[in-house]
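Order as written gives the chain letters A, B and C; numbering starts at 1 within each chain.
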Amino acid sequence: MLLLTFYLIAITAEAMTAALAAGKRDMDWVGVCVIACITALGGGSVRDVLLGHYPLTWVAHPEYLWMTAGAAIFTALTARLMRHLHKLFLALDALGLVTFTVIGCQIGLEMELPITIVLLSGMITGCAGGVLRDIMCNDIPLLFRKEMYASVSMVTGGLYLIAIDQSFSELTSMLVPMGVGLTFRFLALRFNWQMPRFVYRDDWH
Amino acid sequence: MLLLTFYLIAITAEAMTAALAAGKRDMDWVGVCVIACITALGGGSVRDVLLGHYPLTWVAHPEYLWMTAGAAIFTALTARLMRHLHKLFLALDALGLVTFTVIGCQIGLEMELPITIVLLSGMITGCAGGVLRDIMCNDIPLLFRKEMYASVSMVTGGLYLIAIDQSFSELTSMLVPMGVGLTFRFLALRFNWQMPRFVYRDDWH
Amino acid sequence: MLLLTFYLIAITAEAMTAALAAGKRDMDWVGVCVIACITALGGGSVRDVLLGHYPLTWVAHPEYLWMTAGAAIFTALTARLMRHLHKLFLALDALGLVTFTVIGCQIGLEMELPITIVLLSGMITGCAGGVLRDIMCNDIPLLFRKEMYASVSMVTGGLYLIAIDQSFSELTSMLVPMGVGLTFRFLALRFNWQMPRFVYRDDWH
(Lines give C-alpha, C1' and ligand atoms only; values in the text may rest on other atoms or scores of the structure.)
Protein backbone atom coordinates (compact mmCIF):
# COMPACT_ATOMS: atom_id res chain seq x y z
CA MET A 1 0.00 0.00 0.00
CA LEU A 2 1.27 3.43 -0.97
CA LEU A 3 -0.18 5.01 2.18
CA LEU A 4 1.61 2.49 4.42
CA THR A 5 4.91 3.30 2.71
CA PHE A 6 4.32 7.02 3.27
CA TYR A 7 3.33 6.26 6.88
CA LEU A 8 6.56 4.35 7.57
CA ILE A 9 8.67 7.09 5.97
CA ALA A 10 6.74 9.67 7.97
CA ILE A 11 7.11 8.08 11.42
CA THR A 12 10.82 7.56 10.73
CA ALA A 13 11.24 11.20 9.77
CA GLU A 14 9.23 12.43 12.77
CA ALA A 15 11.37 10.25 15.05
CA MET A 16 14.55 11.74 13.59
CA THR A 17 13.48 15.37 13.97
CA ALA A 18 12.23 14.61 17.50
CA ALA A 19 15.62 13.11 18.38
CA LEU A 20 17.32 16.34 17.31
CA ALA A 21 14.87 18.33 19.49
CA ALA A 22 15.67 16.04 22.43
CA GLY A 23 19.39 16.51 21.82
CA LYS A 24 18.96 20.25 22.12
CA ARG A 25 17.72 19.69 25.68
CA ASP A 26 20.65 17.42 26.60
CA MET A 27 18.42 14.40 27.11
CA ASP A 28 19.95 10.98 27.59
CA TRP A 29 19.34 8.12 25.16
CA VAL A 30 16.27 6.91 26.94
CA GLY A 31 14.77 10.37 26.66
CA VAL A 32 15.69 10.55 22.99
CA CYS A 33 13.88 7.25 22.27
CA VAL A 34 10.82 8.15 24.35
CA ILE A 35 10.47 11.60 22.76
CA ALA A 36 10.89 10.05 19.31
CA CYS A 37 8.19 7.43 19.90
CA ILE A 38 5.80 9.96 21.42
CA THR A 39 6.29 12.41 18.56
CA ALA A 40 5.97 9.82 15.80
CA LEU A 41 3.16 7.72 17.29
CA GLY A 42 1.58 10.12 19.79
CA GLY A 43 -0.79 11.83 17.36
CA GLY A 44 -2.44 8.54 16.45
CA SER A 45 -2.49 7.51 20.10
CA VAL A 46 -4.25 10.69 21.22
CA ARG A 47 -6.80 10.17 18.45
CA ASP A 48 -7.40 6.52 19.38
CA VAL A 49 -7.75 7.25 23.10
CA LEU A 50 -10.18 10.13 22.44
CA LEU A 51 -12.26 8.06 20.01
CA GLY A 52 -12.05 4.84 22.04
CA HIS A 53 -10.44 3.12 19.02
CA TYR A 54 -8.54 0.18 20.54
CA PRO A 55 -6.01 -1.36 20.23
CA LEU A 56 -3.65 1.55 19.55
CA THR A 57 -1.50 1.33 16.40
CA TRP A 58 1.75 0.55 18.23
CA VAL A 59 0.08 -2.05 20.46
CA ALA A 60 -1.05 -3.91 17.33
CA HIS A 61 2.27 -3.21 15.56
CA PRO A 62 5.09 -3.11 18.16
CA GLU A 63 7.60 -3.12 15.30
CA TYR A 64 6.78 0.58 14.77
CA LEU A 65 8.18 1.28 18.23
CA TRP A 66 11.46 -0.44 17.34
CA MET A 67 11.57 1.48 14.05
CA THR A 68 11.12 4.88 15.69
CA ALA A 69 13.51 4.14 18.55
CA GLY A 70 16.06 2.80 16.06
CA ALA A 71 15.71 5.88 13.85
CA ALA A 72 16.17 8.11 16.91
CA ILE A 73 19.37 6.37 18.04
CA PHE A 74 20.71 6.37 14.48
CA THR A 75 20.04 10.13 14.35
CA ALA A 76 21.81 10.72 17.67
CA LEU A 77 24.85 8.78 16.40
CA THR A 78 25.01 10.66 13.10
CA ALA A 79 23.82 14.08 14.27
CA ARG A 80 26.77 15.87 12.64
CA LEU A 81 25.62 14.64 9.26
CA MET A 82 21.94 15.23 9.94
CA ARG A 83 22.37 18.96 10.20
CA HIS A 84 23.16 19.08 6.48
CA LEU A 85 19.86 17.37 5.71
CA HIS A 86 17.68 20.13 7.13
CA LYS A 87 15.63 20.61 3.96
CA LEU A 88 15.11 16.89 3.48
CA PHE A 89 13.76 16.67 7.04
CA LEU A 90 11.37 19.55 6.45
CA ALA A 91 10.09 17.80 3.33
CA LEU A 92 9.65 14.47 5.09
CA ASP A 93 8.00 16.19 8.03
CA ALA A 94 5.51 17.80 5.63
CA LEU A 95 4.90 14.41 4.01
CA GLY A 96 4.23 13.04 7.49
CA LEU A 97 1.76 15.79 8.26
CA VAL A 98 -0.41 15.15 5.19
CA THR A 99 -0.08 11.35 5.45
CA PHE A 100 -1.08 11.30 9.12
CA THR A 101 -3.99 13.61 8.33
CA VAL A 102 -5.39 11.35 5.60
CA ILE A 103 -4.94 8.23 7.79
CA GLY A 104 -6.73 9.95 10.66
CA CYS A 105 -9.63 10.92 8.39
CA GLN A 106 -9.86 7.34 7.09
CA ILE A 107 -10.16 5.99 10.64
CA GLY A 108 -12.82 8.57 11.43
CA LEU A 109 -14.75 7.52 8.30
CA GLU A 110 -14.45 3.82 9.20
CA MET A 111 -15.89 4.58 12.65
CA GLU A 112 -18.78 6.44 10.92
CA LEU A 113 -18.27 9.56 13.01
CA PRO A 114 -19.84 12.97 12.26
CA ILE A 115 -17.96 14.83 9.53
CA THR A 116 -16.56 17.47 11.94
CA ILE A 117 -15.05 14.70 14.05
CA VAL A 118 -13.64 12.92 10.99
CA LEU A 119 -11.80 16.11 10.02
CA LEU A 120 -10.68 16.64 13.60
CA SER A 121 -9.49 13.02 13.74
CA GLY A 122 -7.23 13.81 10.80
CA MET A 123 -5.96 17.03 12.36
CA ILE A 124 -5.27 15.37 15.72
CA THR A 125 -3.37 12.55 14.00
CA GLY A 126 -1.33 15.08 12.06
CA CYS A 127 -0.61 17.59 14.77
CA ALA A 128 -0.88 16.11 18.28
CA GLY A 129 2.48 14.31 18.18
CA GLY A 130 4.32 17.60 17.82
CA VAL A 131 2.26 19.16 20.62
CA LEU A 132 3.16 16.29 22.97
CA ARG A 133 6.84 16.67 22.02
CA ASP A 134 6.75 20.36 22.89
CA ILE A 135 5.00 19.73 26.24
CA MET A 136 7.58 17.06 27.12
CA CYS A 137 10.38 19.49 26.21
CA ASN A 138 8.67 22.16 28.34
CA ASP A 139 7.90 24.55 25.47
CA ILE A 140 4.69 26.29 24.51
CA PRO A 141 3.56 24.08 21.61
CA LEU A 142 4.87 25.43 18.32
CA LEU A 143 1.56 24.49 16.71
CA PHE A 144 -0.12 27.30 18.58
CA ARG A 145 2.40 29.92 17.61
CA LYS A 146 3.52 29.54 14.03
CA GLU A 147 4.01 27.64 10.83
CA MET A 148 0.41 27.10 9.64
CA TYR A 149 0.84 23.47 10.58
CA ALA A 150 -2.76 22.99 11.66
CA SER A 151 -4.04 24.92 8.64
CA VAL A 152 -2.20 22.60 6.24
CA SER A 153 -3.73 19.63 8.04
CA MET A 154 -7.21 21.16 7.88
CA VAL A 155 -6.96 21.91 4.13
CA THR A 156 -5.62 18.42 3.37
CA GLY A 157 -8.30 16.71 5.42
CA GLY A 158 -11.06 18.92 4.06
CA LEU A 159 -10.08 18.24 0.43
CA TYR A 160 -9.83 14.52 1.15
CA LEU A 161 -13.34 14.44 2.61
CA ILE A 162 -14.70 16.38 -0.39
CA ALA A 163 -12.96 13.98 -2.78
CA ILE A 164 -14.37 10.93 -0.95
CA ASP A 165 -17.82 12.53 -0.97
CA GLN A 166 -17.52 13.05 -4.75
CA SER A 167 -16.66 9.33 -5.12
CA PHE A 168 -13.30 9.94 -6.74
CA SER A 169 -11.03 6.90 -6.83
CA GLU A 170 -9.30 6.09 -3.55
CA LEU A 171 -5.90 6.95 -5.04
CA THR A 172 -7.01 10.31 -6.43
CA SER A 173 -8.83 11.16 -3.19
CA MET A 174 -5.62 10.61 -1.29
CA LEU A 175 -2.93 11.93 -3.59
CA VAL A 176 -4.49 15.19 -4.77
CA PRO A 177 -5.24 16.57 -1.28
CA MET A 178 -1.83 15.41 -0.09
CA GLY A 179 -0.20 17.20 -3.02
CA VAL A 180 -2.13 20.40 -2.31
CA GLY A 181 -1.27 20.16 1.39
CA LEU A 182 2.44 19.64 0.63
CA THR A 183 2.47 22.60 -1.75
CA PHE A 184 0.70 24.77 0.84
CA ARG A 185 3.21 23.74 3.50
CA PHE A 186 6.24 24.40 1.26
CA LEU A 187 4.87 27.81 0.26
CA ALA A 188 4.22 28.64 3.93
CA LEU A 189 7.81 27.70 4.80
CA ARG A 190 9.31 29.47 1.78
CA PHE A 191 7.45 32.75 2.26
CA ASN A 192 7.18 32.49 6.04
CA TRP A 193 3.37 32.62 5.97
CA GLN A 194 1.81 32.84 9.38
CA MET A 195 -1.69 32.80 10.76
CA PRO A 196 -2.70 36.15 12.23
CA ARG A 197 -1.83 36.30 15.89
CA PHE A 198 -4.04 37.36 18.72
CA VAL A 199 -1.96 39.51 21.04
CA TYR A 200 -3.68 40.57 24.21
CA ARG A 201 -2.42 42.23 27.34
CA ASP A 202 -4.32 43.29 30.43
CA ASP A 203 -3.68 44.00 34.05
CA TRP A 204 -6.35 41.95 35.67
CA HIS A 205 -5.91 38.27 35.28
CA MET B 1 -33.29 21.34 30.40
CA LEU B 2 -31.96 23.96 32.81
CA LEU B 3 -28.66 22.11 33.26
CA LEU B 4 -28.06 21.98 29.49
CA THR B 5 -28.62 25.75 29.28
CA PHE B 6 -26.13 26.29 32.09
CA TYR B 7 -23.72 23.90 30.36
CA LEU B 8 -23.87 25.79 27.06
CA ILE B 9 -23.38 29.13 28.83
CA ALA B 10 -20.50 27.63 30.77
CA ILE B 11 -18.55 26.17 27.84
CA THR B 12 -18.98 29.45 25.97
CA ALA B 13 -17.66 31.41 28.95
CA GLU B 14 -14.74 29.02 29.46
CA ALA B 15 -13.87 29.31 25.76
CA MET B 16 -13.86 33.10 26.01
CA THR B 17 -11.59 33.26 29.07
CA ALA B 18 -9.30 30.66 27.50
CA ALA B 19 -9.07 32.78 24.35
CA LEU B 20 -7.89 35.73 26.44
CA ALA B 21 -5.26 33.51 28.12
CA ALA B 22 -4.07 32.37 24.68
CA GLY B 23 -3.90 35.99 23.53
CA LYS B 24 -1.55 36.76 26.40
CA ARG B 25 0.88 34.18 24.98
CA ASP B 26 0.69 35.63 21.44
CA MET B 27 -0.88 32.51 20.01
CA ASP B 28 -2.26 32.50 16.50
CA TRP B 29 -5.92 31.88 15.74
CA VAL B 30 -5.50 28.16 15.50
CA GLY B 31 -3.93 28.13 18.95
CA VAL B 32 -6.74 30.31 20.29
CA CYS B 33 -9.40 27.88 19.01
CA VAL B 34 -7.54 24.78 20.21
CA ILE B 35 -6.92 26.21 23.69
CA ALA B 36 -10.56 27.30 23.90
CA CYS B 37 -11.88 23.85 22.96
CA ILE B 38 -9.47 22.09 25.32
CA THR B 39 -10.35 24.38 28.23
CA ALA B 40 -14.11 24.21 27.68
CA LEU B 41 -14.41 20.52 26.79
CA GLY B 42 -11.19 19.07 28.22
CA GLY B 43 -12.47 18.47 31.74
CA GLY B 44 -15.27 16.24 30.51
CA SER B 45 -12.88 14.53 28.08
CA VAL B 46 -10.36 13.67 30.79
CA ARG B 47 -13.22 12.29 32.89
CA ASP B 48 -14.59 10.19 30.03
CA VAL B 49 -11.18 8.79 29.07
CA LEU B 50 -10.35 7.89 32.68
CA LEU B 51 -13.75 6.27 33.24
CA GLY B 52 -13.90 4.61 29.80
CA HIS B 53 -17.14 6.51 29.10
CA TYR B 54 -17.39 6.62 25.31
CA PRO B 55 -18.22 8.40 23.07
CA LEU B 56 -16.85 11.67 24.43
CA THR B 57 -19.30 14.61 24.67
CA TRP B 58 -17.89 16.50 21.69
CA VAL B 59 -17.73 13.37 19.51
CA ALA B 60 -21.46 12.89 20.08
CA HIS B 61 -22.13 16.66 19.81
CA PRO B 62 -19.64 18.19 17.35
CA GLU B 63 -21.69 21.39 17.45
CA TYR B 64 -20.11 22.13 20.86
CA LEU B 65 -16.73 22.36 19.12
CA TRP B 66 -18.06 24.93 16.67
CA MET B 67 -19.64 26.85 19.55
CA THR B 68 -16.43 27.04 21.56
CA ALA B 69 -14.24 27.83 18.55
CA GLY B 70 -16.73 30.49 17.46
CA ALA B 71 -16.84 32.03 20.93
CA ALA B 72 -13.02 32.09 21.00
CA ILE B 73 -12.72 33.87 17.66
CA PHE B 74 -15.47 36.32 18.63
CA THR B 75 -13.52 37.05 21.82
CA ALA B 76 -10.27 37.60 19.91
CA LEU B 77 -12.06 40.03 17.57
CA THR B 78 -13.67 42.00 20.39
CA ALA B 79 -10.91 41.72 23.00
CA ARG B 80 -10.88 45.45 23.68
CA LEU B 81 -14.46 45.27 24.85
CA MET B 82 -13.98 42.03 26.75
CA ARG B 83 -11.62 43.58 29.23
CA HIS B 84 -14.48 45.63 30.62
CA LEU B 85 -16.45 42.46 31.29
CA HIS B 86 -13.95 41.00 33.75
CA LYS B 87 -16.51 40.52 36.53
CA LEU B 88 -19.08 38.98 34.22
CA PHE B 89 -16.47 36.44 33.08
CA LEU B 90 -15.57 35.55 36.64
CA ALA B 91 -19.27 34.98 37.39
CA LEU B 92 -19.79 32.83 34.29
CA ASP B 93 -16.60 30.92 35.04
CA ALA B 94 -17.92 30.16 38.53
CA LEU B 95 -21.24 29.07 37.02
CA GLY B 96 -19.26 26.77 34.73
CA LEU B 97 -17.35 25.27 37.64
CA VAL B 98 -20.46 24.28 39.60
CA THR B 99 -22.38 23.19 36.47
CA PHE B 100 -19.52 20.97 35.24
CA THR B 101 -19.18 19.51 38.74
CA VAL B 102 -22.85 18.53 38.94
CA ILE B 103 -22.79 17.06 35.41
CA GLY B 104 -19.67 15.06 36.25
CA CYS B 105 -21.30 13.69 39.41
CA GLN B 106 -24.41 12.73 37.43
CA ILE B 107 -22.32 10.74 34.95
CA GLY B 108 -20.52 9.02 37.82
CA LEU B 109 -23.88 8.10 39.37
CA GLU B 110 -25.20 6.79 36.03
CA MET B 111 -22.14 4.56 35.74
CA GLU B 112 -22.83 3.30 39.30
CA LEU B 113 -19.30 4.05 40.44
CA PRO B 114 -18.15 4.12 44.09
CA ILE B 115 -19.10 7.38 45.83
CA THR B 116 -15.48 8.62 46.04
CA ILE B 117 -15.16 8.24 42.29
CA VAL B 118 -18.52 9.96 41.67
CA LEU B 119 -17.28 12.99 43.61
CA LEU B 120 -13.93 12.86 41.82
CA SER B 121 -15.73 12.60 38.48
CA GLY B 122 -17.43 15.89 39.33
CA MET B 123 -14.17 17.54 40.40
CA ILE B 124 -12.31 16.35 37.29
CA THR B 125 -15.09 17.66 35.06
CA GLY B 126 -15.01 21.00 36.86
CA CYS B 127 -11.28 21.51 37.15
CA ALA B 128 -9.29 19.51 34.58
CA GLY B 129 -10.01 21.84 31.65
CA GLY B 130 -8.22 24.68 33.40
CA VAL B 131 -5.29 22.42 34.28
CA LEU B 132 -4.91 21.39 30.63
CA ARG B 133 -5.07 25.06 29.58
CA ASP B 134 -2.26 25.92 31.99
CA ILE B 135 -0.09 22.99 30.84
CA MET B 136 -0.59 24.01 27.19
CA CYS B 137 0.34 27.60 28.08
CA ASN B 138 3.41 26.26 29.94
CA ASP B 139 2.34 27.43 33.40
CA ILE B 140 2.20 25.58 36.69
CA PRO B 141 -1.54 24.88 36.91
CA LEU B 142 -3.32 27.66 38.80
CA LEU B 143 -5.54 25.05 40.40
CA PHE B 144 -2.61 23.89 42.46
CA ARG B 145 -1.63 27.31 43.67
CA LYS B 146 -4.64 29.42 44.50
CA GLU B 147 -8.28 30.36 44.27
CA MET B 148 -9.96 27.46 46.12
CA TYR B 149 -11.22 26.26 42.77
CA ALA B 150 -11.01 22.59 43.65
CA SER B 151 -12.51 23.21 47.10
CA VAL B 152 -15.58 24.88 45.56
CA SER B 153 -15.97 21.90 43.26
CA MET B 154 -15.64 19.45 46.15
CA VAL B 155 -18.23 21.27 48.28
CA THR B 156 -20.69 21.51 45.37
CA GLY B 157 -20.28 17.85 44.45
CA GLY B 158 -20.46 16.70 48.07
CA LEU B 159 -23.70 18.62 48.73
CA TYR B 160 -25.19 17.32 45.49
CA LEU B 161 -24.45 13.71 46.46
CA ILE B 162 -25.93 14.25 49.95
CA ALA B 163 -29.04 15.81 48.39
CA ILE B 164 -29.46 12.89 45.97
CA ASP B 165 -28.95 10.46 48.83
CA GLN B 166 -31.70 12.23 50.80
CA SER B 167 -34.02 11.85 47.77
CA PHE B 168 -34.60 15.55 47.35
CA SER B 169 -36.14 16.52 44.01
CA GLU B 170 -33.73 16.58 41.07
CA LEU B 171 -34.10 20.36 40.77
CA THR B 172 -33.43 21.05 44.46
CA SER B 173 -30.53 18.61 44.49
CA MET B 174 -28.92 20.52 41.66
CA LEU B 175 -29.74 24.13 42.41
CA VAL B 176 -29.03 24.30 46.14
CA PRO B 177 -25.48 22.87 45.94
CA MET B 178 -24.78 25.01 42.89
CA GLY B 179 -25.97 28.09 44.78
CA VAL B 180 -23.81 27.24 47.78
CA GLY B 181 -20.83 26.59 45.50
CA LEU B 182 -21.31 29.90 43.67
CA THR B 183 -21.57 31.79 46.97
CA PHE B 184 -18.43 30.08 48.25
CA ARG B 185 -16.55 30.95 45.07
CA PHE B 186 -17.65 34.60 45.12
CA LEU B 187 -16.68 34.94 48.78
CA ALA B 188 -13.31 33.34 48.04
CA LEU B 189 -12.72 35.82 45.22
CA ARG B 190 -14.02 38.81 47.21
CA PHE B 191 -11.97 38.14 50.33
CA ASN B 192 -9.05 36.47 48.55
CA TRP B 193 -9.47 33.23 50.49
CA GLN B 194 -6.73 30.72 49.87
CA MET B 195 -6.03 27.20 50.93
CA PRO B 196 -3.04 26.94 53.24
CA ARG B 197 0.14 26.43 51.27
CA PHE B 198 2.79 23.85 51.84
CA VAL B 199 6.14 25.55 51.38
CA TYR B 200 9.13 23.28 51.54
CA ARG B 201 12.78 23.82 50.75
CA ASP B 202 15.68 21.45 51.04
CA ASP B 203 19.13 20.97 49.61
CA TRP B 204 19.01 17.34 48.64
CA HIS B 205 16.43 16.66 46.03
CA MET C 1 -0.17 -11.17 48.60
CA LEU C 2 3.44 -10.02 48.85
CA LEU C 3 3.14 -7.93 45.67
CA LEU C 4 0.06 -6.11 47.02
CA THR C 5 1.98 -5.23 50.20
CA PHE C 6 4.86 -3.89 48.11
CA TYR C 7 2.37 -1.99 45.95
CA LEU C 8 0.74 -0.28 48.94
CA ILE C 9 4.15 0.64 50.41
CA ALA C 10 5.20 1.93 47.00
CA ILE C 11 2.19 4.18 46.30
CA THR C 12 2.49 5.59 49.83
CA ALA C 13 6.19 6.33 49.30
CA GLU C 14 5.57 7.87 45.85
CA ALA C 15 2.81 10.05 47.34
CA MET C 16 5.18 11.28 50.06
CA THR C 17 8.03 12.19 47.70
CA ALA C 18 5.53 13.86 45.35
CA ALA C 19 4.20 15.93 48.25
CA LEU C 20 7.72 17.20 48.95
CA ALA C 21 8.11 18.11 45.25
CA ALA C 22 4.80 20.01 45.39
CA GLY C 23 5.96 21.81 48.53
CA LYS C 24 9.01 23.06 46.67
CA ARG C 25 6.64 24.82 44.25
CA ASP C 26 4.57 26.39 47.04
CA MET C 27 1.44 24.50 46.09
CA ASP C 28 -1.58 24.57 48.35
CA TRP C 29 -2.97 21.46 50.00
CA VAL C 30 -5.25 20.62 47.11
CA GLY C 31 -2.27 20.74 44.78
CA VAL C 32 -0.25 18.56 47.14
CA CYS C 33 -2.98 15.89 47.18
CA VAL C 34 -3.56 16.01 43.41
CA ILE C 35 0.18 15.79 42.61
CA ALA C 36 0.54 12.91 45.08
CA CYS C 37 -2.34 10.93 43.55
CA ILE C 38 -1.13 11.58 40.00
CA THR C 39 2.44 10.54 40.83
CA ALA C 40 1.47 7.41 42.76
CA LEU C 41 -1.39 6.22 40.55
CA GLY C 42 -0.69 8.00 37.25
CA GLY C 43 1.70 5.41 35.83
CA GLY C 44 -0.89 2.67 36.07
CA SER C 45 -3.56 5.03 34.74
CA VAL C 46 -1.55 5.95 31.65
CA ARG C 47 -0.96 2.23 31.03
CA ASP C 48 -4.64 1.36 31.42
CA VAL C 49 -5.83 4.20 29.16
CA LEU C 50 -3.29 3.30 26.45
CA LEU C 51 -4.15 -0.41 26.62
CA GLY C 52 -7.90 0.14 27.01
CA HIS C 53 -7.77 -1.79 30.31
CA TYR C 54 -10.84 -0.58 32.21
CA PRO C 55 -11.74 0.10 34.97
CA LEU C 56 -8.61 1.91 36.17
CA THR C 57 -7.04 0.71 39.44
CA TRP C 58 -8.24 3.65 41.53
CA VAL C 59 -11.75 3.50 40.09
CA ALA C 60 -12.00 -0.11 41.26
CA HIS C 61 -10.17 0.69 44.53
CA PRO C 62 -11.01 4.26 45.62
CA GLU C 63 -9.34 3.54 48.96
CA TYR C 64 -5.96 3.94 47.20
CA LEU C 65 -6.87 7.57 46.53
CA TRP C 66 -7.56 8.18 50.22
CA MET C 67 -4.31 6.44 51.10
CA THR C 68 -2.17 8.56 48.78
CA ALA C 69 -3.95 11.82 49.70
CA GLY C 70 -3.60 10.95 53.38
CA ALA C 71 0.08 10.15 52.99
CA ALA C 72 0.61 13.45 51.17
CA ILE C 73 -1.07 15.52 53.90
CA PHE C 74 0.80 13.63 56.59
CA THR C 75 4.04 14.42 54.76
CA ALA C 76 3.17 18.11 54.49
CA LEU C 77 2.44 18.23 58.23
CA THR C 78 5.68 16.49 59.17
CA ALA C 79 7.96 17.86 56.46
CA ARG C 80 10.64 18.92 58.93
CA LEU C 81 11.08 15.32 59.99
CA MET C 82 10.85 13.94 56.47
CA ARG C 83 14.02 15.63 55.36
CA HIS C 84 15.99 13.34 57.66
CA LEU C 85 14.51 10.30 55.94
CA HIS C 86 15.99 11.07 52.52
CA LYS C 87 17.67 7.68 52.12
CA LEU C 88 14.60 5.76 53.26
CA PHE C 89 12.54 7.58 50.61
CA LEU C 90 15.05 6.77 47.88
CA ALA C 91 14.90 3.10 48.91
CA LEU C 92 11.08 3.03 48.95
CA ASP C 93 10.99 4.88 45.63
CA ALA C 94 13.24 2.21 44.12
CA LEU C 95 11.01 -0.50 45.60
CA GLY C 96 8.06 1.27 43.95
CA LEU C 97 9.82 1.37 40.59
CA VAL C 98 10.47 -2.39 40.47
CA THR C 99 7.09 -3.29 41.98
CA PHE C 100 5.17 -1.12 39.50
CA THR C 101 7.23 -2.59 36.66
CA VAL C 102 6.40 -6.18 37.59
CA ILE C 103 2.69 -5.35 38.08
CA GLY C 104 2.59 -3.62 34.69
CA CYS C 105 4.20 -6.65 33.01
CA GLN C 106 1.69 -8.97 34.69
CA ILE C 107 -1.23 -6.93 33.33
CA GLY C 108 0.34 -6.98 29.86
CA LEU C 109 0.70 -10.78 30.08
CA GLU C 110 -2.92 -11.19 31.25
CA MET C 111 -4.07 -9.15 28.22
CA GLU C 112 -1.96 -11.46 26.00
CA LEU C 113 -0.19 -8.55 24.34
CA PRO C 114 2.97 -8.84 22.18
CA ILE C 115 6.11 -9.19 24.30
CA THR C 116 7.40 -5.70 23.39
CA ILE C 117 4.16 -4.20 24.65
CA VAL C 118 4.25 -6.31 27.84
CA LEU C 119 7.69 -4.91 28.64
CA LEU C 120 6.55 -1.40 27.74
CA SER C 121 3.47 -1.84 29.92
CA GLY C 122 5.84 -2.51 32.83
CA MET C 123 8.03 0.49 32.02
CA ILE C 124 5.05 2.84 31.64
CA THR C 125 3.63 1.66 34.97
CA GLY C 126 7.00 2.22 36.62
CA CYS C 127 7.98 5.54 35.07
CA ALA C 128 4.96 7.52 33.79
CA GLY C 129 3.82 8.74 37.21
CA GLY C 130 7.05 10.63 37.68
CA VAL C 131 6.84 12.08 34.17
CA LEU C 132 3.31 13.39 34.87
CA ARG C 133 4.52 14.89 38.18
CA ASP C 134 7.31 16.74 36.37
CA ILE C 135 4.95 18.04 33.66
CA MET C 136 2.50 19.27 36.32
CA CYS C 137 5.37 20.99 38.13
CA ASN C 138 6.49 22.52 34.82
CA ASP C 139 9.85 20.75 34.64
CA ILE C 140 11.47 18.80 31.85
CA PRO C 141 10.81 15.24 33.02
CA LEU C 142 13.72 13.96 35.10
CA LEU C 143 13.30 10.57 33.47
CA PHE C 144 14.65 11.98 30.24
CA ARG C 145 17.68 13.55 31.80
CA LYS C 146 19.23 11.35 34.44
CA GLU C 147 19.14 8.60 37.01
CA MET C 148 18.84 5.47 34.81
CA TYR C 149 15.28 5.18 36.04
CA ALA C 150 13.92 3.79 32.79
CA SER C 151 16.90 1.45 32.42
CA VAL C 152 16.25 -0.09 35.85
CA SER C 153 12.63 -0.61 34.85
CA MET C 154 13.63 -2.19 31.53
CA VAL C 155 16.10 -4.61 33.18
CA THR C 156 13.59 -5.60 35.87
CA GLY C 157 10.81 -6.17 33.37
CA GLY C 158 13.08 -8.02 30.94
CA LEU C 159 14.35 -10.42 33.64
CA TYR C 160 10.78 -10.99 34.85
CA LEU C 161 9.63 -11.92 31.35
CA ILE C 162 12.59 -14.29 30.89
CA ALA C 163 11.84 -15.91 34.27
CA ILE C 164 8.16 -16.37 33.37
CA ASP C 165 9.17 -17.80 30.00
CA GLN C 166 11.47 -20.29 31.78
CA SER C 167 8.50 -21.33 33.97
CA PHE C 168 10.18 -20.43 37.24
CA SER C 169 7.85 -20.24 40.22
CA GLU C 170 5.75 -17.05 40.43
CA LEU C 171 7.61 -15.96 43.58
CA THR C 172 11.10 -16.50 42.10
CA SER C 173 10.07 -14.81 38.84
CA MET C 174 9.04 -11.73 40.79
CA LEU C 175 11.60 -11.48 43.56
CA VAL C 176 14.83 -12.17 41.65
CA PRO C 177 14.26 -9.51 38.95
CA MET C 178 13.08 -7.06 41.61
CA GLY C 179 16.23 -7.74 43.63
CA VAL C 180 18.45 -7.22 40.58
CA GLY C 181 16.56 -4.04 39.70
CA LEU C 182 16.91 -2.66 43.25
CA THR C 183 20.64 -3.44 43.28
CA PHE C 184 21.08 -1.77 39.89
CA ARG C 185 19.19 1.31 41.10
CA PHE C 186 21.19 1.58 44.33
CA LEU C 187 24.49 1.21 42.45
CA ALA C 188 23.37 3.87 39.97
CA LEU C 189 22.54 6.24 42.83
CA ARG C 190 25.72 5.41 44.78
CA PHE C 191 28.12 5.82 41.86
CA ASN C 192 26.06 8.42 40.01
CA TRP C 193 25.73 6.27 36.90
CA GLN C 194 24.10 8.02 33.99
CA MET C 195 23.02 7.06 30.53
CA PRO C 196 25.12 8.73 27.85
CA ARG C 197 23.59 12.03 26.83
CA PHE C 198 22.90 13.27 23.38
CA VAL C 199 23.89 16.92 23.25
CA TYR C 200 23.08 18.69 20.03
CA ARG C 201 23.15 22.32 19.03
CA ASP C 202 22.37 23.91 15.72
CA ASP C 203 21.36 27.23 14.30
CA TRP C 204 18.47 26.24 12.10
CA HIS C 205 15.60 24.88 14.03
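One rule holds in what follows: contacts are C-beta pairs under 8 Å (C-beta built on N, C-alpha and C of every residue); 3 or more make two chains touch, one makes a residue touch a chain.
Note that this is a predicted model, so its numbers are computed, not measured.
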Contacts common to subunit A and subunit B (chain labels): C
Subunit C against subunit A, contact positions shared by both copies (same if over half, else different): different
Geometric centre distance via CA averages, subunit C-subunit A, whole Å: 30
Residues of subunit C engaged with two or more neighbouring chains: 49, 52, 135, 138
Partner subunit A, residues of subunit C touching it in the complex: 49-52, 113-117, 120, 131, 135, 138-141, 143-146, 150-151, 194-202, 204-205
Residue ranges of subunit B touching subunit A (in the complex, touch as defined): 19-32, 34-35, 45, 49, 52, 54-56, 58-59, 62, 65-66, 76, 79, 83, 86, 135-138
